[in-house]
Amino acid sequence: MSDGAEGARKFRWVGTRPVRPDGVDKVTGRARYGADLALPGMLWGRVLRSPHAHARILAIDASRALAMEGVKAVVSAEDLPEIRSEQAFVGEGPTDFRDLSHNVMARGKVLYHGHAVAAVAATSAELAERALAGIDVEYEVLPAVLDLDAALAPDAPLLHEDLVTKGVNPPPQRASNVAERVEMGHGDVEAGLARADVVVEREFTTRPVHQGYIEPHAALAEIGEDGRATIWCSSQGHFMVRAYTAKLLGMELSSIRVIPAEIGGGFGGKTTVYLEPVATLLARKSGRPVKMVMSREEVFRATGPTSGTRIRVKMGCTRDGRLTGADAHLEYEAGAFPGSPVTAGAMTIFAPYDVADVRIVGLDVVLNTPKVAAYRAPGAPMAAFAAESAVDELARRIDLDPIEFRLRNAAREGVQAPYGPRFKRIGHVETLEAARAHPHYRAPLLPNQGRGVASGFWFNAGLQSSADVHINEDGSVVVTSGNPDIGGSRASLAILAAEELGIDYARVSPIVADTSQVAYSDLTGGSRVTFATGMAVVEAARSVVRQLRERAAAIWEVDLDDVEWRDGAARLRAGAGREPLGLAELAARAARTGGPLAGHASLTARGVGAAFGTHICDVEVDPETGSVRVVRYTAVQDAGRAIHPSYVEGQMQGGVAQGIGWALNEEYLFDADGVMQNPGFLDYRMPVASDLPMIDAVIVEVPNPGHPYGVRGVGEVPIVPPIPAVANAIHDATGVRMRELPMSPPRVLEALEREG
Amino acid sequence: MRATRYAAPDSVGDAVALLAGAAGRGRVLAGGSDLLVQMRAGRIEAELVVDVKRIERMTTLSHDARGFRIGAAVCGAALAEDALLARAWPGVVEAVQLIGSSQIQGRASLGGNLCNASPAADGVPALVTAGARCVVAGPAGEREVEASQVATGPGETSLSAGEILVEVLLPDPPPRCADAYLRMTPRSEMDIAVVGAAARVWLDERGRCSAARVALGSVGPTVREVHAADAILAGGALDDAALARLAGAARDATAPIDDLRGSARYRTRVAGVLARRATLIAYARARERR
Amino acid sequence: MARVLLSGALRRHAGGRAELAIEARTYRELLAALEARFPGIASLIEGRTSLAIDGEIIADPLLETIPPRSEIHFVPRVAGG
Amino acid sequence: MKHHVSTTINGDAAEFLCEPGALLLDVLRDVLGLIGTKEGCGSGDCGACSILLDGRLVCACLVLAAEAEGARIETVEGLARDGELHPLQRRFLEDAALQCGVCTPGFLVAAKALLDRNPDPTEEEARYWLAGNLCRCTGYDKIVRAVLEAAAEMRGEVR
């Protein structure tokens, strides 16, 4: 039994590093990902994508394609029901189903280069590809809106004639490209800034970047003559896929079964649908299973990057380093449809700090680029780039150590967050102190080297999870959940079950079940699986323990209260007189003592624990070419309680690598017509193994009182600090403040010449 | 990806005949790391693919009194494993090793690098400073051509339709002479050169620079040699002043474009930096060969 | 009595008031009371914000009870990655 | 006109018919059912389709299937022998050197090719050799450690 969060109880499995149960399949090539599935009689689907960034669709004629060899079906928006604008909260966040439908298949207008216009199913991938040329689409090309200034201009071409800015009171009369205005904060920011001895006011810009998962989107759909569909796909949540596909196709949830393949990375980019509704539509129209796999180029052009941004911050502090006021104005590019993460950016930008007078205003701006999707702590890394750079500049202006400055302002329990509520127990102070105490922070630097520090915050999510714990007749255990396992969550869930039941981890088999085999579960994302699904597993396991105690009490003919479950066996509290009854013995007698032993839990997870990280980054800058090399990196993060430390470290190291790529070399390059110039892994430069040093992941544990084991989400915090940590390190090495991403060699050299 | 015919002849003669039969719609496949990428992307259509990797002469690296004879289809990994070549031409070998990842090194060839004629080709600047020559075979027989004369512009070569680049010839370097190659790429691997610089330095008995060649990649439609390098460096001490003049000459030799990998202004500036650095490395290597 | 703190659009909808004292034992009573005083405000809250009671953020507060003297905030709902 | 290709895959004889333009990656996966080799980009830039062709580490997406005639192909499915995982496979599991796992087959084949050539690589040598294999989940730290530890084990220096 767990003693809650604070006690120093010795765990048998929690905190150890066992091998993940699904590992052997993944290292032998047997694990099946989205593109690894096939069915007899299967057709291949390909998507026709818009050659224009902004155009009206006048006509779609597929007759030529339908006459081509091997072609069995062609679909377009006409095959999808018209959906009125409806804001919905399925799982993760706000989703407008009309926009989702129009993004999956353009209706009336194409809104970005690569936007899906039609799709064809044929007997081979080559024939399907060739048949795309047989679909004739008549466009009326419109002027494209490709950057924030163009989108915000008073006379800007409108993407959506009916888009009136939300969050403005009274609502504006005219439509515009601003989908929403958010505002939050407390106190009087003008007064706060007036009290400051030192004020820094800066503007930062960042570019769209992609999640960069190595597995392209893939789906296989089959629909029977009874109208019942089965979809195999790799996604971050198959219940989300079922809900979105049912909504877009006007089908009953009960007539769609989604079976999760292994997922080759998502980072938020697979928390929506692109192919699944189209494959199902093609399967229905052709009467045959249809497989669709995106090319890497399609993944870049047509699946969500995260927002390019422009952020202005103004922060002031007293001479002794106390923040008095913080003001921010955020403009986030949403791409073709409303829905940038500007709200989360606004909520997180000053969250690490205790600022009495704070105001954040944010704009969600549509433009003719791909619709953004969630990318790990969506909206937060760009905001941290601005705020943590400004904090670094303030600290230097008053000659105060950057960690000391942050400690004097660190948010802690009881401090009011910029987005309103007071923080419960959080660990920002502890991560700062651990970073300051780390040998890295005092290590000597070589010429042209510099050291940067930054902190990061994320709320983490709870949402709904379900889990079952079944006891097999031999006492081995099956743990069933509805969350795809991307980062080793099967191992964490098995650890929690083994800990609760007091049995060997190796006797627990964690299974990711499909939508027909487990109760509803929100998707894998928002750093929630070990927290929320872990909570469901613990609750389900505890219900099994109760049943085991009841069975033992019945066998011993004693009161339930006299029986305790400890170290994998029912034991009589009174001690003598009864041999303990282990799990295997009770399981063997299950039939005779009441039937199979099985526990279930379905819950909306409460008590979410927010988390913080503080990173230290050393860079070496080549003053003659501007190239920046990360030579040392330490990431400190509060995990509350690390269930499987290797996979907590893995989340931290992976988040750091993505943050460094975003900081140094990753960006969407568009030409004047809104066509992406670098839709491939050669010119979209993600970090390779030789670009990075070892990443020292230091886990701090400030247990979250809201979770039986003190768990806090760990997946998203680590991507927030790296961009400012790298930028602050470049400043420390060169004296130059970089305020534009990516900090590529040409940009750094230009800045060195300008200011160095 | 459409290629209606694939053939793998085992002699240069058969390969030439096959190409002639395809009347300009045939392509030579050596490593394929450029060709197949462009065919998949639809930038190149090939009705016939002639795989030359079963032709002994094109997949052999040999050395004799006249120097090195490198089969045009020998892959970069094999070149790097040849100790004799690596000692004689460190610059050429390090340039080849920079062409793509380990996986690409298992396929990409010098012949492919030359004939793909990318302005950013990593192999070519070092071949130019090495004075490498190529053996080209065609319907009219075989001829030799300077490595610098193979590419004539982005994606264009001086080879006529039906000709195949069979071998690359490298002489044995004289004593007290060494080469080096550097490139500027945002990533440490898996990248296309934003600027490439090869340098070769000869020293006299007293260790003073007696001759030099410097060639730049990615700063013009084809490799740009810095002809003033010899005059600037030969006979003098390789001091900062001379190296500064060399950097200036290198900048003057560039005619770069702005593209998604770098701006013209950035390429010009970095060309000077890399020319100087490559020269210093070549000089240091040459001094080790006293 | 609950202390309800408003900011941004909600504060403006409530005529600029940053803090209100509302008598409510449940979330639904709270919402009704707010709607009565500031018509239209419920549409900005329901389904679009999470309820924060003394720092704990509750995404679906329909059946939530409001302890006396608790501090209430309405927090925008955001998606994770 | 289809080509009849006879080749050797993971020590076993294998035959298949393929179009002249067919890629070895697609034949391995869709014809021969060896789905362990993955496609991440189709342009030789991610390494997820790494295989050994006559001992050389290559990207299967940049090899024509017809080129496999008479060749010796090794894929991830051939690493484990007689029910025993290869030390690299075991180390990747024990060191949590994978998360989503889609890049893992490519990394294992590339690491095997490295250790075949260089049984005692430095961290830097391993990182530069493995630079052709992209991973987005791990940040490479645990992958490089697992390769170096497997190398030590294979040299008999540990365990």
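The letters A, B, C and D name the chains in turn, as written, and every chain counts its residues from 1.
Operating definition for what follows: a contact is a pair of C-beta atoms (placed from the backbone, for glycine too) under 8 Å apart; a residue touches a chain by one contact, two chains touch by 3 or more.
If you're wondering where the values come from, they're calculated on a predicted model, not measured in any experiment.
Should one ask which of A-D and A-B has more C-beta pairs in contact, the pair is A-D. Computed from the mean C-alpha positions, the centre of chain A lies at a distance of 27 Å from the centre of chain C. Between the CA-based centres of chain A and chain B the separation comes to 44 Å, rounded to the whole angstrom.
Chain C and chain D have Cα centroids lying 56 Å from one another.
Touching two or more other chains at once are residues 211, 267, 681-682, 687-688, 690-691 of chain A. Residue positions of chain C in touch with at least two other chains are not found. Multi-chain contact residues of chain D (touching two or more other chains): 42-43, 45, 128, 130-133.
Counting only pairs that meet the touch rule, the chains in contact are A-B, A-C, A-D, B-D. Chain B meets chain A in the complex at residues 1-2, 184, 186-192, 194, 260-263, 266, 269-270, 273-274. Residue ranges on chain B touching chain D, taken from their complex, read 1-6, 8, 29, 32-33, 36-37, 39-41, 49, 51, 53, 75, 77, 100-107, 188-190.
Taken together, the chain C residues at the contact with chain A in this complex read 5, 7-9, 12-13, 18, 47-48, 52, 54-60, 71, 73-81. Those residues of chain A that touch chain B in the shared complex are 126, 624-625, 627, 629, 664-665, 669, 677-678, 681-683, 685, 687-688, 690-691, 744-746, 749-750. Here chain D touches chain B in the complex through residues 1, 3, 20-23, 42-45, 47, 50, 53, 56-59, 62-64, 66-67, 69, 110, 113-114, 128-133, going by the rule given at the top.
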